[in-house]
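Can you read through this structure? Questions will come right after.
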């Protein structure tokens, strides 16, 4: 399989506060890759750096062989990376449909809008029912679905999800993970950050463990799930 | 107060006191007097904007209230100007405190502060024009009650000059005391982070209102004094004060004591130099405001400090 | 032991979203009470309500038997409840000493004399181990030092109870050890009661006398650390709905 | 009375044109444009200059609008883009001071160079009588063009990708970027749009009254009131508040005189700011 994303020796900081120290990470086409780590380990910073919200201090990021570090977020979206933040990710004062329209803002997605709509409505049928409602009036779970759907509208090759289960009830979380698998089966590569280690490890192919801005562990999901350190710190065993 | 700071103030006071020896011409004295008025205006702006970041775009109105009350009331009530001067100052202070109180309790954002205070300024202007029989509208008021009636025989400009520097130095000393006290600490915390400040026990509303009170009091007081000094006031005098104060404040640098002094000096000089140009000066002040804010936001003092190195360092407020 | 702080069916709604639902708690004087739960469980919201950032939608807070619901932050602080923030907010352009000094000048039993305040501040700076950084600007400190600074500033207000919002996240193992020792010292040497939000389970388990678990705005468990560690519901909810095995 | 209300509505629609510009510019870049009303004067004066040189009225007006747009472009790319570099509260303050300075400079320049210039357009039509009602065609035309411009703006914002992107930036700039929107050119576009709409308001004011060079400050103030009362982020709110304020202003001016009517308008604004700022702005304290 080809590498779709590769991160080489990346350092990132907020002001003078270093958050990522020499991160190396790669994602192959078609995979679901999970990043685990405690609060403050630098997971969100990593995702923000990939999506261009934050510029890395040092290091390189390649997407499909092209160097993307230093590009602004809107160009990175155009290349095929969609980032779904843990909170937000929707325009509350626009209708569900308008939010999905904004998802097709990138030129190449505009032509395939109908096809894509069909896919996301099949993935999250509730959004079809709510399509004329203002996004701000949706429930927490529906908002999360909309933010993922919006990101999918732009035909991403790589979908980056920051804690999709954040703040959701367990039942909704299970549905969401099913959807994530379905998105992956349809051909989209996924990079996922989760605190909900158990469920995330069941869908992921491989995982990285981040601590204090460093990758301390990597491997396929089974190895990671059976690692004594992970068991103790993330699985509560 | 540190010793160095006292010595410095005594020297500055001495210089001010001796200036009339060199600038004895009454035109020059008038300039010096205007300089002190401007310095005082900038100093009071500094208290409210520099130290507590409350945007008051109605300084002209606060000065004007003091001025008009001091101009109108003594004759109408038959009371001595001495008594009315503090009444005017307190009225300004009351209104300033009220604006500060409502806006800090409602936690208005800068945008709303800007619109609220400038609306107030416009209302003041409109009222002055509308209440023609009291204020004389555009024609203004000629003031007959002089605060220094008994001393008028002497050199009027000179007498006012010493009265003004006495006021200035009294203000500077009080200002210094406040900034270096517990209140000054509260001001700094509020500028840094209002929310964090409230969680360590600082009553943010109280201190903001306090700073508005002090500053508006000074505005009103100086406004009244200006009316008695000038013996004539009209609405246009209070129109561009805000711009002038802003220019002076940024010129000198906010939140410092030297800032307003230097800023007012530079401003008086520039506006005197520009005087031959006539009404176009406003255009130049507009451009000056833009340039200053874009490129010299930290103030002239900071830039000077960089150039003169350590010289100003000892003046840095202790604490 | 006597109760110092008590919450009576605290409910908080933001628009249609219920952040807290009928949460009850009870802290005894001299206790370290841990507060844990998944992200978005409402932990920080609870702290915000106790410290006066906003009032609860329903319910009451009692401090030393007195109803303090709806008081403003500065009033709450003056009564003897101090807090730290999850995302630190020291006064960045002030020195370490001035930061702590501002706490001493305005908190409970505020010292109005600058000299006395200096002394109190210095001893607190020593207590948290920042004596070498006392003249540095807060923005020049490391994250750990800034967290210690915020703790020091809160302590300078002379609180009876301290609400700590995530002190350990993002620290190195060595710093974690130091911080845990310090929290113990605050209780034992200064006699300050502690209400403590933390994500690092090991730390809370090791130090807290009792633990409350919040999830989706509701209290799902309360008890001694070992009871919490073995509570089926806590393991389920805190670590996710499904199971691998 | 009915005629007064019609005049008020017409004037109010002009205010809406101005207010909408303030709203859009603030929504996208957090810059409260205190020089906004000057664009109306600039445009009217430009049209006047062309007309005095013998250019046909309609063409003069179009040229005026075009040049006003270009001036907007130049100002945005030079001055305003410097303000965007600052963040948060500093940006808002900087925006206020810079545009304040700008308004002073423009105002002072115009007052000094062409103090006696007055712009107004006379239509070669008779007043229309409907029943007992007399409607001036210029009033009618002014109202129709305002409505048309506002409808076009609404269609642009609601139906086109660019318009949706503009609304998206106003809600959450970072989120809009994550959808692939580059905010900088859209901010420029909106500033130009705002300038041209203000310019149009100036021209239309020339239809119903006379534009003098000193009127820019009043326009800015009225536009600010419209924007604040209608909500700094809501376009419908702006149109509604513009019309209401226009009616109130016109009627109050007629019965109480111009100065008291302004005092009343401003007092209402102050009360609205103090009673429900978050409701209007959608901003949380």
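Lettered A, B, C and D in written order, each chain numbered from 1.
Heads up, the rule we're going with is that contacts are C-beta pairs under 8 Å (C-beta built on N, C-alpha and C of every residue); 3 or more make two chains touch, one makes a residue touch a chain.
This structure is a prediction, so every number in the text was calculated from the model and none was measured.
With every chain reduced to the mean of its CA atoms, the largest distance from chain D is reached by C.
More C-beta pairs touch across the B-D interface than across any other pair of chains.
Here the CA centre of chain A is 32 Å from the CA centre of chain C. Mean C-alpha positions place chain C and chain D at a centre distance of 50 Å. Distance between chain centres (mean CA atoms), chain B to chain C: 44 Å. If you sketch which chains touch which, the chains form one closed loop in which each chain touches exactly two neighbours. In summary, the structure contains touching chain pairs A-C, A-D, B-C, B-D.
Across the complex, chain C is touched by residues 181-182, 185-186, 188-189, 192-193, 195-204, 319 of chain B.
For chain C in complex with chain B, the residues that touch the partner chain are 51, 53, 72-74, 77-78, 82-83, 85, 89-94, 98, 101-103, 105-108, 110, 112, 114, 153-154, 156-157.
Only residues 26, 32, 79, 82-83, 89, 92-94, 96-98, 100-109, 111-112, 221, 224-225, 228, 232, 257, 259-260, 262-263, 266-267, 269-270, 273-274, 277, 281, 283, 285 of chain D touch chain B when the two sit together in their complex. Residues 51-53, 72-75, 77-78, 82-83, 85, 88-94, 98, 101-103, 105-106, 110, 150-151, 154 of chain A are the ones that touch chain D when the two sit in their complex. Put simply, chain D touches chain A in their complex at residues 161, 164-165, 167-168, 171-172, 174-182, 282.
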